[in-house]
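Labels run A, B and C following the written order; every chain starts at residue 1.
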């Protein structure tokens, strides 16, 4: 595991992520994010909650630049993710793992190959073409498969797995990158409630064991309160709540989601 | 994370899969290398090709536009008629063979086999070769062209039609059979409504191909625009060749537009 | 195309507008007569032809294999043309197809690639062969080049369509790991399209094999030249021998290409 300098003194470590004045507009003049400023201190799990279409996904995807920001900054590891290009962008992405709502596994590849996808930022194409990954990568993949309990599925094709199993592979793939930050975009939305809890437990424990900060996006408030150490409420493209789960009261939820009949 | 005692090796394929793939790669390489070594190609001709091509294009330009009203137009119309009549004839011949080839409609393996053999033979012989055969039968002219197009298309239309029949849903057919409907009625009322859209789609698709194919039949004397092309080629009238090629291009585009329009409206 | 609601609609329309359908069939019959008379098709010619056909078949049997060396040589050359044209055609089609896929490439790259494909598609292989015969002389080279062009027109288009139908979510996931473009292609795109690519390639090999038996008619090498000469000399028994050889070769080719598809399933 890469060692990362930790500056405990300021309460913010080297893996801190600073989003400032972030504006994202898919159509000119109709911003989804209207100037979001958040400092993630590079530790533990932060959950971003909010109603659908409020820009949760956009926020997460702007962090690893799957979405182009319109203006603002995303500072991470000393670089502005909103500005980097080409090789630097790829290097930055390789340090950020991502877990997707619909798992996004490469269906026709084996589970092992899907895990090795996590190393694609580090291994040149001629080696990946021949599937000649470094031995350490293969060993790490088997370790992670053990950790997510899918060792015996290594050679099975990803499309043969159930939803929960796929998301386990998704998490393992993200951790294969040895990321300095783990992003999760609605990781449990395509799963049943029991599997959702299992996946969140797995993700939390693995992130803790690998010492990776997590930013997770979810609409399930209870799940967010149960697993996250900090909750950020987004509504209408701006931050309306930022604090520990204990501080999240009904009036905040009313503000975030609007109305109260559902409470 | 605690390391496992010895990192197990990971292999992408089972030995059997690897062997199969390796065999394919080996055969591919062997075929290509053998072909490269034995084929009679004079490399100098290849180096010379760009220059020759340029020379060809210089002779082609400007095109002999005046040749269009003189000879090309009539031949183009004839080409379209050959393609259309050929398609109609091929459908008439292919329908019974397609029915015979569909295992669920005709539950006699021997008949299925004969039908499939007929279809493969039809597809294997190129339309130009069929044209040679029918020029020998009917003498030069569009009649040979119509038959060449028809016989080449039987395999295509029959195969696709047979496949569509085999994919038809059983429900309606079982209901009709259970009601004691005779064989012809089962075909007419059970299968036909199901396969109708696919049938017209196949016919249109083949007509589009046939317009392209009928444009070259004239090279062996089976009528159409190919005759004009052949004459111009033999006389080295490259400006006329160019005009003819441009006209063929126009007709091919025209056919594609017609097919797209009909598909959008009807299917 | 075969959705149940559609059948329902079709069936109802067929009953309501039956007279329209009948009018259509009538128009078709009228066209057949009109076009037939225009092309000077009539019963006498047809019957005369049937008579001729009988004699032709009589002279075709039994097929004459005495010149098997000539036959073998021509078939081998056709096979070589098909193999090389498929190999180089597919090799060129892969990048062209990728460049033409609108979901992976910017518009300024897809346009020229699509133009190239359309150009390669628009002419029959025989016409392309004629041009290449003029450019590089008689022989197999012209046939190979012509079929390479035909292959590009056909499978580069299919490749592009297959790439356009892939799931972008999987590609996005691979891209989010910081993978380079080649790695995204190898792990995100290729697995999704490989099976279909193999299918297209096998189909193209079949198709090139068929066409390679024909380009010889215009002097571009292969068995076609031998066949054409046999026709012109009225050696119909040799013609039948060649035709049987072609059909058998193509049937073997179809079986092999089915096997090939199974291996990469």
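The rule is short, and it goes like this: a contact is a pair of C-beta atoms (placed from the backbone, for glycine too) under 8 Å apart; a residue touches a chain by one contact, two chains touch by 3 or more.
Everything numeric here is computed off the predicted structure, so don't read it as measured data.
Asker: Suppose chain centres are the mean of their C-alpha atoms. Which chain sits farthest from chain C?
Answerer: The chain lying farthest from chain C is A.
Asker: Ranking chain pairs by how many C-beta pairs touch, which one is first?
Answerer: Highest contact count belongs to chains B-C.
Asker: If you average all the Cα positions, which chain's own average lands nearest?
Answerer: That would be chain C.
Asker: Counting only Cα atoms for the centres, state how far chain B is from chain C in Å.
Answerer: 6
Asker: Could you please state the distance in Å, as a whole number, between where the Cα atoms of chain A are centred and where those of chain C are centred?
Answerer: Whole-Å distance between the two chain centres: 48.
Asker: Return the distance between the CA-based centres of chain A and chain B, expressed in whole Å.
Answerer: Taking the mean C-alpha position of each chain, the two centres sit 51 Å apart.
Asker: For chain A, give me the residues that contact two or more of the other chains.
Answerer: Touching at least two other chains: 113.
Asker: Could you please specify the touching residues of chain C with respect to chain A in the complex?
Answerer: Residue positions touching the partner: 167, 169-170, 172-180, 182-184, 186-188, 191-192, 194-195.
Asker: What residues on chain B touch chain A, complex-wise?
Answerer: Its residues touching chain A are 1-4, 7-12.
Asker: Which chain A residues qualify as touching chain B in the complex?
Answerer: 110, 112-113, 131, 135, 138-144, 146-147, 154-155, 209-210
Asker: Can you check the complex and tell me which residues of chain A touch chain C?
Answerer: The touching residues are 64, 66, 89-98, 100, 102, 104-109, 113, 117-121, 123-125, 128-129, 170, 173, 177.
Asker: So in the complex, which bits of chain B are touching chain C?
Answerer: 17, 20-21, 23-24, 28, 31-32, 34-36, 38-42, 45-46, 48-49, 52-53, 56, 78, 81-82, 84-85, 88, 120-121, 123-126, 128-129, 132-134, 136-139, 141-143, 146, 167, 169, 193-194, 196-198, 201, 212-213, 215-216, 219-220, 223, 229, 233, 245, 248-249, 252-253, 267
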